[in-house]
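Per-chain residue numbering starts at 1, and chain names A, B and C are given in the order in which the chains are listed.
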Amino acid sequence: MKHLVKTLAMSLALTTSLGAIAKDTIKVGFVYVSPTGEAGWTYTHDEARKHVEKKFGDKVSTTYVESVAEGADSERVIRQLAKKGHDLIFTTSFGYMNPTIKVAKRYPNIKFEHATGYKQAKNVGVYFDRMYESRYLSGVIAAHMSKSNIAGFVASFPIPEVLRSINAFTLGFKSVKPDAKVKVVWVNSWFDPGKEREASDSLIDQGADVITQHTDSPAPVQAAEAAGIYAIGSHSDMSEYGKNAHLTAVIHNFNEFYEQRVQEVLDGTWQSENVWGGLNTGMTRLGEFNEVIPENVIADVEVLTTKIASGELHPFAGPLKNQAGEIMVPAGEIPQDSELLKMNYLVDGVEGKLN
Amino acid sequence: MDLDLITNILYATIRTGTPLLLVALGEMVCEKSGVLNLGQEGMMLLGAVAGFIAMYHCDSLFIGFAVAALTGVLISLLFGFIALNLNASQVATGLALTIFGTGLSAFLGADYEGKTVEALPELALGALKDIPLIGKPLFAQDAIVYFSWVLVVVVYLFFKHHRGGLAIRAAGENPEVGSSLGLPVMRIRYLAVMFGGACAGLAGGYLSMAYTPLWTENMTAGRGWIALALVVFASWRIERVMLGAYLFGFASIMHLVAQGLGLSIDSNLLAMLPYVATLVVLVMLSKDKERLKLFEPMSLAKPWHRNN
Amino acid sequence: MMRLEARVQNSPFWTYFSPVLAVILTVITGFFLFAALGQPPVETLYIFFIEPISDWYGLTELIVKTIPILLCAYGLALCFRASIWNIGAEGQLLIGGICATAVAVQFVDSSSFLAMPLTIVAGMIGGMAWAGITAFMKLRLNTNETLVTIMMNYIALNVLLWSVHGPLKDPNGYNFPESALFGESTLLPILVEDTRLHLGLLFVLLAFAATWTFMSKTFAGFQIQVLGLDPSAAKMAGYKQHKLIAMVLLVSGALAGLAGASEVAGPIGQLVPQISPGFGYAAIIVAFLGRLHPVGITLAGLLMGLIYMGGEMAQIEAGLPNSITGIFQGLMLFYLLSCDVIIRYRVRLYRPKFLTPSKISAQIQE
């Protein structure tokens, strides 16, 4: 009898804490917007997936679906992954936000993690990296290496993420050279090597001697290499495409984050969170430095890195003026995350129109 | 805008226009023989990946481009078999070829994804390249650009003075009559399709080995479709194919240059420029309806078989 | 060697069974392809063809995926029958989606019963207007519709990007390129609970019935056929060519616009930059595979949708890369197209005769 009561109590305890049960093995699904490739956004997520597989061995099996269109198809793919018994599903593009939320409602026991979005739910966590922090650092390096004081920025779409990148790069650049200009060309595509090449060439023709980008292909780095100027890679290390040109790259790193979230699901301790990791967590960082960067510049950048990581320095700290000269962040203030999340202006020093 | 910038714009215009010119030239010859091959995108991608792999292992640009062209030919034979021998709808077969080529190239290139090779070097023609304004655009290009010009001249002369050109036209205008006059219509169409394949393969190779020397999935990004449109735009005339390819190249360069110059037009609207420009020029070229009809191959995309 | 002999009449047997033969050939090829890739072939084929529709949900998803393809393809079939090479369903669909959204965002907080119908009508008008530009350029300015529609697709895509980044952007959406989520009253009603099967199915059925009746029962349908086969005959018969051309373009534009509206007000529920993963292009293939007939198109569309879903499933279940899907789809299409040859021709195999010069001259003398 005593025994029975004990079992009952135990099973009760188990049922009430449903969703917090530790598991021996789990399945983790990943939804990618493009092919996994060898560079770029999806590549960094797939690297993290491989990291998870290696780390957990038999305990975790992973599935990925690549090139999933962001329209009506994505909801079906996410739901299929859920139906097939995945315990944790990472959806890695902004356009998956509403589909993820919809599927999550139907599958309350499955955990979802959506990258770059802003909608959270009980079983949907949101994550992204503060890439603007490394963008700021890359701007500092670019400024030290530039002679013409004109940088070229090949940009994809005028969404907050990209605007933060352009602005942070510009602010970093101007922190060294206050009169510098950053020219922006929009290619209206995340991935089009030919067009990115043309855009880079046209920026170089207009005097830019450092090229950076917020697009996925390594073509801008190649353009810089061909023209004998410098480039800063984006998303992942692109030094392979321009041994001399590639100064460094601004890198996403989701390895540790994915590992942590998977561990939490295994332990039964996962909770929905809004994670925006910066230099402090290593979710974003600079890549290897090119040998041509002087020692003292690297030392400077290292100091800045610690300052940003500790919160002592904020790339968007006031006073911050937009292109029209209006104050966007008053002196002495630091913008809220919610403000950064919906940034819709270009800062003073950027040449080129918003969208 | 200074002189240097204009020179550079012209230089970039020709580079941008070259892959379009090659594909469009090949497709034009193909269409003149009465065959519409909408599989340009697929053939380009296969040429791009095969050429790149060959170049990567052999380290020879010549082999790379030869393999690219050859791959184009091989895959065009598949199209030829289905569309010509089996008389399937040319439109549908071409579209299927694009799907197939996109998939196969991604599959073959999976291990080479993101790898890079030494780009095709510039081949400056002596002192000519120092001529102001036009020196760099015309005389400091790479070998494929010069080759494309030679090809344009050869094709032009072929259609103007050679009997073969007449035979292709006959196959495209009225295969029935051509055949009864003893023309090997099927063989002519096959050769034209293969020429188209070679050009598309070469254009793909130009993208993966010269323009942006790397292989990535789907790197043609719709250029095959533009080339198809250019053939119609040119109303099947060689000089207009060339004009169209460079005009399109110019418009796509200008939409980027204009942004850098700080022109205050929305970039999405600016991005329409190449397409709108093409349409406007087309309208101007299309005024004379009767003249226009003279150039369109009458039997374009119509299946034909000797036993018909 | 192989030789084709024309049949006196199309073979009725092969008219229905050539697709079956094609599917069998695809399955056999797939068997060897998957075996060569180190996959269990039978299982992988099952994953590709059966598993996606092995349950009720899968079936409804197949329909959801096929709805926009079919709507576009019915309209395209009308154009192609008239030999109007409209490649522009994609652009017409996008503009339909944009116009529908422009109306739908006015009703975000409204429960008006007019919201949904107005949204759908706006989409149809938008698609029709976009196709109307092509019709105008063809009829008044003599331009070639193939070129115009290809260019209009690119222009439409840029209009879409401009509107989601600009006028239609959700004011509360953190400046991301999306419209506001549509209100309940604007969304197409769901037909089967816990699925995404929406009212678009009804539109497809209506379009199916209408195009079939139009093609086979009306005089205008007949005129279109004549126009496509022999324009000079149509002219001689005194048909109003311009009117016919304008009509097929406008109708197909309206149907593509309807497809766009059904997507934004259906499974997506808002305007996003990627409302179409190439529905308009898929519809071209479907129209031809279906031999420009509504019944054939419907079957071809379902098959097309199935191989897309099979590709997703193969990634999830078998870990096959996405590129395999393309190869497999391409092969299947090649087979389907190739097999149609036996409807019109008898295939004869023969031993090639080597022609010597004397034989040739003998033949010529005959």
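Here, a residue touches a chain if its C-beta (ideal position, glycine included) is under 8 Å from a C-beta of that chain, and two chains touch if they have at least 3 such contacts.
Computed from a prediction, not measured in an experiment: that's the story for all the values here.
The chain with its CA mean position farthest from that of chain C is A. The interface holding more C-beta pairs in contact, when A-C is weighed against A-B, is A-B.
One finds 26 Å separating the Cα centroids of chain B and chain C. As a whole-number value, the distance joining the C-alpha centres of chain A and chain B reads 37 Å.
Residue positions of chain B touching 2 or more other chains, listed in rising order: 106, 217, 266, 268, 271.
Within chain A, the positions touching two or more other chains are listed as 35, 158, 188, 355. Looking at chain C, one finds that residues 158, 161, 165-166, 321-322 touch two or more other chains. On the side of chain B, the complex with chain A involves touching residues 4-5, 8-9, 12, 16, 106, 113-116, 119, 207, 211-214, 216-221, 223, 252-253, 256-257, 259-268, 271. The touching residues of chain A, when paired with chain B in their complex, are 35, 37-39, 43, 152, 158, 183-189, 191-199, 201-203, 205-206, 217-219, 222, 226, 240-241, 351-353, 355. Listed in rising order, the residues of chain C touching chain A in the complex are 57, 61, 64-65, 158, 161, 165-166, 174-178, 181, 194, 196, 263, 266-270, 272-277, 308-309, 312-313, 315-317, 319, 321-322.
On the chain B side of its complex with chain C, the touching residues are 42, 78, 82, 85-89, 91-93, 95-97, 99-107, 110, 217, 222, 225-226, 228-229, 232-233, 235, 266, 268-269, 271-272, 275-276, 278-279, 282-283, 286-289, 292, 305, 307-308. By the touch rule above, chain C contacts chain B in their complex via residues 2, 4-6, 85, 137, 141-144, 146-148, 150-152, 154-155, 158-159, 161-162, 165-166, 281, 284-285, 288-289, 321-331, 333-334, 337-338, 340-341, 344-345.
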